[in-house]
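Order of writing sets the labels: A, B, C, D and E. Residues in every chain begin at 1.
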Amino acid sequence: ATLLREATIGEPPPLDVMLTTADVASVIGRHIFETLYALDSTYTPRPMLAENDRAEDGGRTIVIKLREGVLFHNGKEMTAKDVAASMTRWGNFGARGKLLMAAATSVEATGKYEVTLKLSAPNGAWKALIADVNGGLAIYPEDIAANAGNRPIEQKDYIGTGPYKFVEWRPNRYVEVERFDGYKPVKEKGDGFAGARLASFDKIRFIPVPDVGTRVSGVQAGDYDYAEMISGDLYESLSKDPSVQVQRTNAPIFGLFFMNSKQGILKDNYKLRRAIQTALEKSQALRVAFGPKDLWNAEGSIFPKGTPWYSTEGASNYSAHDPKKAKELAKEADYTGTPIRLLVSTNYQAHYDEASVFTRQLADAGINVQMMVVDWATLLKMRGQPEQWDIFVTHHSFAPDPLLLTFLNASYPGWWDSPEIGSLRAELINTTDPAARKSTWDKIQSLIYEQVPVMKVGDAYTYDIASPKLRGLNPNGPVFWNVSTK
Amino acid sequence: MLSVRDLTVSVGPETAPVDIVAGVSFDLAKGEILGLVGESGCGKSMTSLAVMGLLPQPGPRVRAGRVLLEGSDVTQLQPWQRVEAGHGRMAMIFQEPMTSLNPVRRIGDQIAEAVRVHEGISGAAALSRARELLELVRMPDPGMQLSAYPHQLSGGQRQRVMIAIALACRPQVLVADEPTTALDVTIQVQILGLLRELCNRLDMAVLFITHDMGVIAQLADRVSVMYAGRIVETAAVDALFGEPRHHYTRGLMDCMPSRNSGVRRLPTISGQPPVPGTVAAGCVFALRCAAVHDECRVAAPPRLEASQGHEVLCAFPLAGGELP
Amino acid sequence: MSSNSATLWLKPFIARPIALAGLGVILATVLAAAFAPWLSPYDPYAIDPLIRLTPPNVTHWFGTDQFGRDTLSRTIHSARMALLIGSGVVVFALATGVPAGVLSALFPRLGHLLMRMVDVLMAFPTLLLALGLIVVLSPSVATVILAIGLGYMTTTTRIVYGLTLRLRAETYVEASRSMGAGTVWLISRHILPNLVSPLLVQASFVFAFAQLGAASLDFLGLGAPPEIPSWGNMLAESRTFITRAPWLLFFPGMMIVATAFSLNLVGDALRDRLDPRFRQVFGEKG
Amino acid sequence: MSGDVILDVREMMVSFSARRAGRKYRVQAVDGVSLSLAQGEVLGIVGESGCGKTTVGRTIVGLVQPGSGTIKFKGTEMIGAGSSSLRAMRLNVRMVFQDPNASLNPRRTIGDSVAEAGDISGFFKSRAERSAAIAATLTGVGLNPSFATRYPYELSGGQRQRVGIARAILPTPSIVIADEPVSALDVSVQAQVLNLMMDLRDQLRLSMLFISHDLGVIGQISSRVAVMYMGRVVEQAGTRTVLEHPLHPYTRALVAAIPKPDPSKRILGAIETGEPPSLFTRPHGCAYAPRCPIASDRCLVDVPTLRSVGTDGRTIACHNV
Amino acid sequence: MWSYALKRAGTTAVTLLAASVIIFAFIHIVPGDPIYVLLGDTATPDQIDALRHQLGLDQPIILQYLNWTGHVLEGDLGRSIFFQAPVLSVIADGAETSTLLATMTMIWVAVIGVPIGMIAAVRHGTWLDQGLSGAAMLMASIPTFWVGLYLILIFAAWLGWFPSSGYPSIFEGGVVNLRYLVLPSLALAAPNAALILRLTRASMLDVSREDYVRTARAKGIRPWQVVRRHIWRNALLAVVSAFGFTFAALLSEAVVTETVFALPGIGRLVVQSILRRDYPVIQGVILVIVVVYLLVNLIVDLSYRLLDPRVELQ
């Protein structure tokens, strides 16, 4: 039996991918669960479990026709009932479900293979919003989706339609999946996450290896075939190392510093926020956090070049590094040196590195930042309490559509909900024409640099390493269909 | 049987050794008990350990002198080396019967171990020999006691086990270093009686060390008195108690309470023994001697033969017949 | 202490050149801590990403780290953290363990209760206790000290308890009691003075192992805030550079090893000094 | 027996719990001992190791709580006395310990040790008075006052025991309980210390309880002697009487077993003394019966009580003499 | 014997009770919440409240405690919030690794620490002794993760002699899988062997000064026999308890090594559970650790009794 061993950065949370946005869970979950659409290498949604779709009623009614003959791992065929139940649960409890389903008036199976979604207003991004498993609309069997509620589903219910089926989860040891023989790939060739998915390994084990040094040595020694998230400073030497191949992702992640828009010194204080923004030099932080220039890009556009959403609006303010001007702005904002509390966790080294560099730079501009270093679980709890912090640090993974950006969500910590963004957001949601949506997005990006609800640190291209024997690695992320050994 | 010549035991660095035993000589004949007395710290134990080759390491070492066992030189040989060289026939009993037995091993085994080395028998045969030895030292119920642990025995019984171990070595010479100081008088009397009897029966030579003049008087045939690392007087026991020749011996005799009953104040020897290594020349007792002469402070005292078999290390010994 | 006690204390070190060297290392560490700002060529916090990860060279003797900070300066400044954590842990362990141990031994009822509690605490894995504390209190130097100190508090209590029980049975303590001495008198005149020496030895080992404990916490990302220079932090932060920038591991690593090793050596020498058998050899009759 | 009785012990019982072979035993270390001590009198207590001598002494100075019995000092009950009157009595009843090494704290100076009782009770009014008292006491026991600043390890065994005595007589007590004060010492040093104690007895009119297992020493210093066996007093009388005409079979064995420093009087092989019983398995009747040459059937069941015999206030606990 | 066992059981129960209260109180002071870890970044407050209610985390602590103890008494340690699996099975899986790792470590410690300690003691005061003792102290002074990283680099990545990390259960691949534990157990053994070495040396020296060793020497038996029959077993007494407690500590305190070598052990399990606030697992693991510690305590006592006839169980 062929076995692929992947070294993940840690133990995943429960694989209920609807609920969790953790990357570790998505990496594994992608092999088990599938979505109606999937993103291709240009991040455009392509049908996966869906056959086709049509919009009616000016975009308020969406009718999705499903592929026939798709089997769940339990042997039952997937039907519209399963999809409707999954969609309902996702809408109620899914991590990103509200983005689309808040406006839903009904979800119905209107045929064995047809689902109809009715919305109160059209949504220009609906396909993108359901095209990835990360906190997304994975399709579960009807009974499981209907009974699960908001509690993560149990291991025995990890039943999807993907090319691999869940076998077992040994805590701290591995999560094992096994080729699903009843899998029916789509006809199109594999491209990104879309297209045919051919499982050439009998089994895949996702093995948590927390120490990055160990992950590297492990691949070099042949104990793992693939290892995720290698630190930037090893990039150059590993690129030359014949015992590994380096796989750089083409979807950058980006660091985000959230400002507290609900409470505290930064609330509505756009001048002070701009002072902070003006003081920073982002490439320093990126260099410290990610290493060689190949792995990062000091890019002011929220979306990277090459995507349809790329925009230069407001981006001149991205990394001014002008302490003098910053001081002036701070003075205009009547800033008197009150400590600004920066909440950061050491569980992500990059967050901490970026925060350290910025704190030094802000100190040079006379802005007094106090780091509060806590563990990740504490940070998650604390950031929900607006009285606890002024800035917190996190990062954002690549989003195919602006609506998937966390900071556009008014209930996400930071609570950016100024009247200006309120109307722009509504416009973005309800427009369906891509060009019109793009121009709305330009306005939003410009607003971001003006009101500074968040500061983007820059694009970072993470990279993975793999055994040189592996062929067909996917630059969109670690997925192992269409991957084979030499 | 055993002959010790000019034995010197030193501590401290090689370049500046401090002699804690300085030139001790004595002879021991078959069936004879030689008592070695002297106050605490005068070097009795060091002498006996040096004779046995059991000086602790690191620590004191034999710097000079020879130990001859039936004419063979066994100086500096540890017991096992002596056994290999064929001169194994010396054994020793120690002062503390409580701590001198291994607490975690059965006494039968501890005796049998010595039997094994010296008689070349092992297993059941060695154990039955151990049983015989326990009978020999008049241990009550020897068969049962073979499997006892030391802590299950009384002090007197433990000392008997020690003697049995010593006898298992089939010694020609037995060295006993204060074997009864830890025991009650009523038990002491038994052990001393046993030693005397064994000595006679097995024709062993015994070097018996104590600081109790009473015990010496009861047990020894001949006595050597030690002071500050030197033997200052050697004589037959009657002669020593009857006519001590050295001033120190005399002083010891005088201050025993049992010789002074009813006296208002006990006679004492003033002063203290010298710290080892501080006496450069002259007599070690000079500082405390009532009859000291100037000469004593500068010249080492001669070894005089006061009478047949009565040696004394003193330039101006007491005349004989002074004590009642 | 008598007049010649100073030389007596030094004797075991003079007899053992290696222990003397250990003493030297510790003195050097103390000096480095005291004069860190003057000794270190750069600000240990100054970031310069352009020169990050430069190997040792003339301007940066020990090279620079991933922030471009000067490793030599950070290594020197770390001596402060080492001393702070070491002495903090020692002080905490002694300040809690000594009273608990002494009182437990003197008051059997209280002792029974306290020792049971110590048992429970001993059963708790110390590192986990430390972790929990750090999560509760958020990482700071004080938390690290408290977390590591708690583990040594139990062992110190045990040791002190055992020693005090033995001291309590000493004839001179009985003598004092027979003259009507109260608890305070016994503790201050008889028990504490006799605890000083063994505790000194214990303290030197605790000091050494506190360094290692702090390094482990740093490794797990739960130690003192990482911008504060400490050898453990430096090691933990740079462990991914094991092949890329080995100097980052080498210098702080050597310092941990050297100080821990030296403290152990000194502890051993002290132990020998306090061993009555050893005293005899050095002419001090016990 | 002359003068006023200043210490009166009645029916003292002391037991310890001990564990052997997994079982808990009560060791009756002192089993109904009664003693009295007059002003200026020295009472010797002899008996072999483990018979309870030390326990009697420790109980009197309050280191051990007796199970029952009374201890009266100058007519006042000491057991359960209030702390202030007890403190006064503590100053008046003091102890000299057997091992001069162990009884001095190695980390305190000689002066501090000597002055300890005074320091505890607040006896000294000033530092000057304190150092004068220390000097005087050290001189009194034949030590140079300069010893006050030294540490015990700098002293010889005899000197240390003198310090032990000095500590027991500052401030001057009424009673000294001396627990084998000379048995750790050499004959020559022993004589010096005994002389000192006899001097103090005469100069300070101290009463003493002198515990020893050496009848020679007892004969030297005490006027009366109590012989103990297994926690009980088996014979009590004037010292001469006991030493010269021992009546109780145990006393006889004890006296006979003392090795006389006279080669012409050898006793080896002449006496048979038997094995001492274990304290854990105490015989029913007379504790000495298993070893006793004149034991009768009665001795195996009946515990003999002390009764007066002859003159000289002699009491003895034996059925058969 | 039986009454002893009963008494031991009694005190153990009290200790456990105290421990469980402490565990519980301790865990609930820790800020943070498993909910966030479960739901991640984007959870909304109502989602959080709903899940909290479902998990019973909104009940008063006392009630939660009673609930938990009730289940524990029935042998049910609850379900892991994170793994959605019974705590007992989660622990059992980690326990295999930890037990084997600790055992293997103790074997190294025994075969390295004890004999070398003995040699150092026998050659006391020589250069060999100084060298060995010095090396031991050095080993005890090196942080384990340092040792671990270098072991991986040299023996796995460069030489390829041993697997770099991870540990597949021996129930799957057979005992050959023990090779995965060679490097981590060596990394763990380094400081512990050094400590045992020093302890062995010290207690051998202590024992060799005992009077009964002199008695043995006086019998004329060879020095090695003296060591074997008289010194070694008595010196072992001190070493045995250190062994027991080192073993117990290794079960839970190997976190750093487990992290470096990606081993699925108890230590890492509990650390991660603390970080993600998986209360039932933390409680369960600590309870198990305390029980193991108490068991080790008992075993040490019993082995004392075997080794030393003077010891009576009380």
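Note that in this section contacts are C-beta pairs under 8 Å (C-beta built on N, C-alpha and C of every residue); 3 or more make two chains touch, one makes a residue touch a chain.
Here's who's who by UniProt: B, D = ABC transporter ATP-binding protein; C, E = ABC transporter permease.
This structure is a prediction, so every number in the text was calculated from the model and none was measured.
Touching subunit A and subunit C (ABC transporter permease) together: E.
With chains reduced to the mean position of their C-alpha atoms, the one farthest from subunit D is A. Rounded to whole angstrom units, the spacing between the C-alpha centres of subunit A and subunit E (ABC transporter permease) is 39. A straight line joining the Cα centres of subunit D and subunit E (ABC transporter permease) is 54 Å long.
Averaged C-alpha coordinates put the centre of subunit C (ABC transporter permease) at 23 Å from the centre of subunit E (ABC transporter permease).
Shown for subunit E (ABC transporter permease) are the residues that touch two or more other chains, namely 31-32, 149, 153, 209, 259, 275.
Looking at subunit A, residues 211, 213, 347, 375, 377-378 sit in touch with two or more other chains.
Residues 52, 54, 56, 58, 78-80, 82-83, 88, 91-92, 94, 96, 99-105, 110, 113-114, 117-118, 149, 151, 162, 165-166, 168-169 of subunit B touch subunit E (ABC transporter permease) in their complex. Touching subunit C (ABC transporter permease) in their complex are the following residues of subunit D: 58, 61-63, 86-87, 90-91, 94-95, 97, 99, 102-108, 112-113, 116-117, 120-121, 150-151, 153-154, 167.
Note for the complex: subunit A touches subunit E (ABC transporter permease) at residues 7, 10-11, 13-14, 19-22, 93, 95-96, 98, 135, 149-155, 169-173, 207-211, 213-214, 216-218, 220-224, 347, 375-378, 380-382, 384, 394, 406, 409, 411-412.
Residues 124-125, 209-212, 214-223, 229-230, 233-234, 237, 307-310 of subunit E (ABC transporter permease) are the ones touching subunit B in the complex.
Across the complex, subunit C (ABC transporter permease) meets subunit E (ABC transporter permease) through its residues 18, 116-117, 119-120, 122-128, 131-132, 135-136, 208, 212, 215-216, 219-220, 232, 235-236, 239, 242-243, 249, 253, 256-257, 260-261, 264-265, 268, 277.
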